[in-house]
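Same chain, two partners: chain A is paired with chain B first, then with chain C.
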Partner chain A sequence: MRPYLSPPLAVITMIGVLIAGSYAVAVLEEIAGTLVSRRPLRLTYVFWAPLATAALLLTQGRTSTERPDAQAWALAPALLAGLAAVGLAVIPIDQNTSVADPAAGFVLYSAAISYVMVAVYLHGWSANSTLPLIGAYRFIAQAFAFQIPFLLVLLAPALPAESLAISDIVEAQESLWNVVRQPLGLPIFLVVSAAATFSLPLDFPDAADLAGGTSSEVSASHRLAWRGARAGLLVMVAAMGASAFLGGWQGPWLPGWLWVILKTLLLLVILIASSHTFARLRIERFVVLAWVVLLPLSLVNIFFAGALLL
Partner chain B sequence: MSTSAPVDVLFVLFAAGAIATAYLVFRTDSMVRAAYWLLASFVGVGAILVLLKAEFVGLVLMLMMAGEMTIMAFVMVMFMMNPAGLNPMLMVHQHKTAIAAGVTSFLVLAGAALLTDFPNAPATQTSRATEELGTELLGESMLVFETAGAALLGTMVGAVAVASRRGRYGDAEEGSIEPPLQPDEEWAQASAHRTEEDEHEPSVHGGHS
Partner chain C sequence: MSRVLSRIALRADARVFCIAGSQSRDEARLLRLAEGIHLTGTPRAANVLLIAGELDAGLIAPALVAHDALSPPRATVWWRLDTEEALVSKNFPNAFMEDDLDPVPALRRVHEELLAGQREGEAPLLPDVEPAQWQGIGPYGQGGKGMTGGVPYGRPMAERADDRDGLKLDYLPVRIGPLFAPLPVGLALDVKLQGDVIQGAAFENLADASTDGTSIFHRALRVAVLIRDLELARARSHLEWLSDAVAVAGAASLSERILRLAQQVAPGDGDAIRAVERTLRRRGFFDWSMRGVGVLKTNALEGVSGPVARASGLSIDARTKEAAYERLGFEPLTQDAGDAAARWIQRVREAAQALDLAGQAGDERTGGSGAIESPRGLLTDGAGPSTATARLVPSLVVGMEFGEAVATVVSLDLDMSEAQPLDNHVSAAS
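And then the complex of A and B:
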């Protein structure tokens, strides 16, 4: 059994990681937006803008719809943030440091990803309003399309490790990172990650063509919680990508935890930069792409990962 | 059999939660809420399996149920003429039969649970449940599981082929072509025949070609 952080320390670490991660995502979004729109980049503005937005949202009045399912509506952002925490908890922080690293860590992470569908669906359905509802039903189609490639592409790194524990998967990359050993893995993972975190160009449930989709009827602290949870989700998939494909804590000179943070930030930069550069697909195109291209490719990826071990 | 106090407390919490949420499935008037209360109940059962050191099975149960309950809610909404699942509807029918079936199955299951002589084999802290399960699936029982797996995969491929937009009956967006009434009749003719009929009695068929 691996050494865990003590329970109080683990809780503080998780809260810290979620808040710092959401802030980092917001700052990166701000920088990407500034660069894409060719405005001059002012660093003080970039670092203060997310805090100003958060303060504004906290002081806004809350709006409501006619007879929403209030309990499920309030539950949805909390569930999404909780799922981000569950997914982040299984990812080791350093060689011998982790919040929770169960033998079936991969399964726990996959379960967290599949409950994202429940959170997004409830968020759109509970509002009792047209556009959020369309967003909710869109995400069901999206979720079933991305989930199987998502699980298969994350299962491939477990083959050389011969374990479903994330720390074993990181340790198995000591000689060669999975990004080289399984060249198809990281590209597929990044595409399905954008779908799993419903961020641009695959932000179908919360898309601009639905005036914000599932979040079009929420304001104030609810909107802040939803945006924070979405950012946490982005950190969760980036951290998994860093551990499963980029060797996690492994790297020269720097301490392991710093490598984890740097690699996670690298994947966050790639995801956020692509969300500001690629055009948004139609959901029909994405669903076909996922079932017809990504699913067979992720099967090919698993096949080669297995063949290399024989 | 000795367990630690926190595990006992967690077991009672999850068991009570699973029963309470299972009860709420029948007390709500919304299909979506009923599906997700059932999901909450399954999560409680999955957590109990994790407490029993069957980590993998418990987590897979939670993982699968998220998708299955969503599909259930989704398909119920599609088949009931209830816009988007938002209208309240009665979730309980045939009260007397349902009560009789519920009480009988509870008594049978409770009797089986109380009367069976279960083996006393406590799981150890270091038991490798995932590995043992994998050995079972790909060792002794491989033929059974692989046969079931291939059959299920075939069913899924068949279902996708039938339901696909570019299915064997043509493009879904163009509307399906009805099969001919006579065995030797060709498909296109049958379709043309129907269209002619529709033109004569538009109020009966109400369709358009």
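And then the complex of A and C:
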């Protein structure tokens, strides 16, 4: 049994991590966009822009569509942010520090990922408008396709640890990180993570060809909440990738929590850079890729992870 | 607290939803490069509405709806662009008029005044009422069989129809456009959606028929112009289209870079464009994204000209009949695939070819014969190439997933203001 943070401290930590994480995502997005578009990089602008945009969205009034399912519509961003918080909570911050590190941390994390489908569908459906609804439909196809490879690829690191607790998975990487031990793992994980967080090139529910899809009808604070929650989701998958494949808190010289942050940032940079690099796949291509390539590959990954233990 | 927020928000880019008249879309597109403002894809994300130029009559009603969808406090700026008619000022009485060539300072000023509370937000322009009275024959106002069909409150309800797997499923009749950002200005698609699959489609052209275009291609119908200028304009047009198309494919930052390139290219810069083609290929725009989408066979291409026809293998180009182009060794480029990827590649290669030609052309002139190869195809007095191309849309998009349909329409590079005579309702069903 590891020491947990005290409940008030845990709540404050979670809120802090979500806000700081969303801010980091927004800054990285801004930098990536500036570099790809070859605008001159103005650092004060890059660091101010997310805050200023958030303030602008908070000062504006909300609008509504005609007869939305108002409660469900308001609930969707909160649900998504809550799922990000649940997923982040099971990831240890340091060797002896975690918000919640249950024996079945992996199961809780997987449950949070599965419910992303509910949050996105709810967000699209409850707006009572065409483009969000199409976005919602798209995410159902997308979610069915990415969920099984997502779980399988995260299950493989649990085998050498012989435990479903994330801290045990990190500890089992003391001699060798899983990114080396299971070379298929991290690449598959990054692809399904882009799908789970609906980032480009797999941003089907909120795509530009739907003028924003499920978020095309949201305004002001609602828009901010949805964008913040999605950024929180990105942090959640990056933090898991850092713990499951890059050895979490393990590393020389620096304190463990700093390693966790640096490794999470590294994966965020990879995810955001690829979202500014590749063209959006056709959704049909992605579904085929997930079922025909990613699913068998993640099974092969598990098979080898198991064979290595024999 | 709210004063602190407003102070911080002053540093944000003004969120602007831009509605361009069909004659002003080139000017409006350039605003994507402006600093201090951010153009949004949906009015909900903006609180300043920018109307560029004179709006086509058919766009006024949708523009009013978009106005009311802006986040309050909202304001309207009309960037007049030397237009004279008063359709906009009559319908948007509170619009702030901007005669300057650069609307960004005015947009910033309006944004800052709204935040500081110095400018009162505009009230909605439309009454908050149902578009029609409740009308229906069934107990719930429905008009068809069972619980489906009919138009209660003036809105068509879902109806049942066969789907592609032979089941009877609901379809939803909806209108996409004419201000839907990914589609060309003025194109309204009436589609029957089953899930995200289009089962029937018709379109309406809401753009005003342009009587006299001001582009160099229109001028070349009557007088001879320098090939150098004409080909440079062709390359720009293709690159501006590419910038739009790349944005719809999700790559906003790359789209900005291409748009900037479109402003900077000079005769002889063909290699810069070939580098763009390599970039796009490496990033998967052709093979992952557009391959196999919206295939056009040559027998479907009656009357179609320009890059759309040449990407399907038809080697037709008005330039081949001109002596000046013959002296430059011009040969039309063609491809066989006929899909959206081929049309993308076709335009990129033609842009490179145009810059090569412009570099070699010297003082050669062309035009004045009443027919010219414009970037979209054969332009003659009174008829533009988009008329024939637009007619392909309904039958092409039926059976497609929504995103494929959008990608297909984008790949056709339509200009609805030249799609005339107004052959308004063309439809198709599965």
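We take it that the second predicted complex is superposed on the first by the 310 of 310 C-alpha atoms of A that agree within 3 Å, B and C clash if a C-alpha of one lies under 4 Å from a C-alpha of the other, contacts with A are read in each partner's own complex, and residues count from 1 in each chain.
One rule holds for everything that comes next: a contact is a pair of C-beta atoms (placed from the backbone, for glycine too) under 8 Å apart; a residue touches a chain by one contact, two chains touch by 3 or more.
Because the structure is a prediction, the values reported are computed rather than measured.
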item: Chain B versus chain C as contact partner of A:102, first or second or both or neither; value: first
item: Which superposed partner A:15 touches (first chain B, second chain C, both, neither); value: neither
item: Residues of chain A touched, compared between chain B and chain C (which is higher); value: C
item: Partner chain(s) touched by A:254 [first = chain B, second = chain C, both, neither]; value: neither
item: Partner chain in contact with A:164 - chain B first, chain C second, else both or neither; value: first
item: Touched partner set for A:114, first chain B, second chain C, both or neither; value: first
item: Common ground on chain A, meaning residues reached by chain C in one complex and by chain B in the other; value: 137
item: For the chain A and chain B complex, residues of the former touching the latter; value: 1, 69, 72, 102-104, 107-108, 110-111, 114-115, 117-118, 121-122, 125, 128, 133, 137, 140, 143-144, 147, 164
item: Residues of chain B defined as touching chain A within the complex; value: 30, 32-33, 36, 39, 55-56, 59-60, 62-63, 66-67, 69-70, 73-74, 84-86, 125-126, 128-130
item: Chain A partner contacts - residues on chain C that touch it in the complex; value: 2, 5-6, 8-13, 15, 41-42, 44-45, 47, 69-73, 115, 172, 174, 176, 180-182, 193, 195-196, 246-254, 256-257, 260, 280, 283-285, 288-289, 293, 401-404, 406-407
item: In the complex, chain A residues that touch chain C; value: 32-39, 48-49, 51-53, 55-56, 58-63, 130, 134, 137-138, 200-201, 203-204, 207-212, 216-220, 223, 276-285
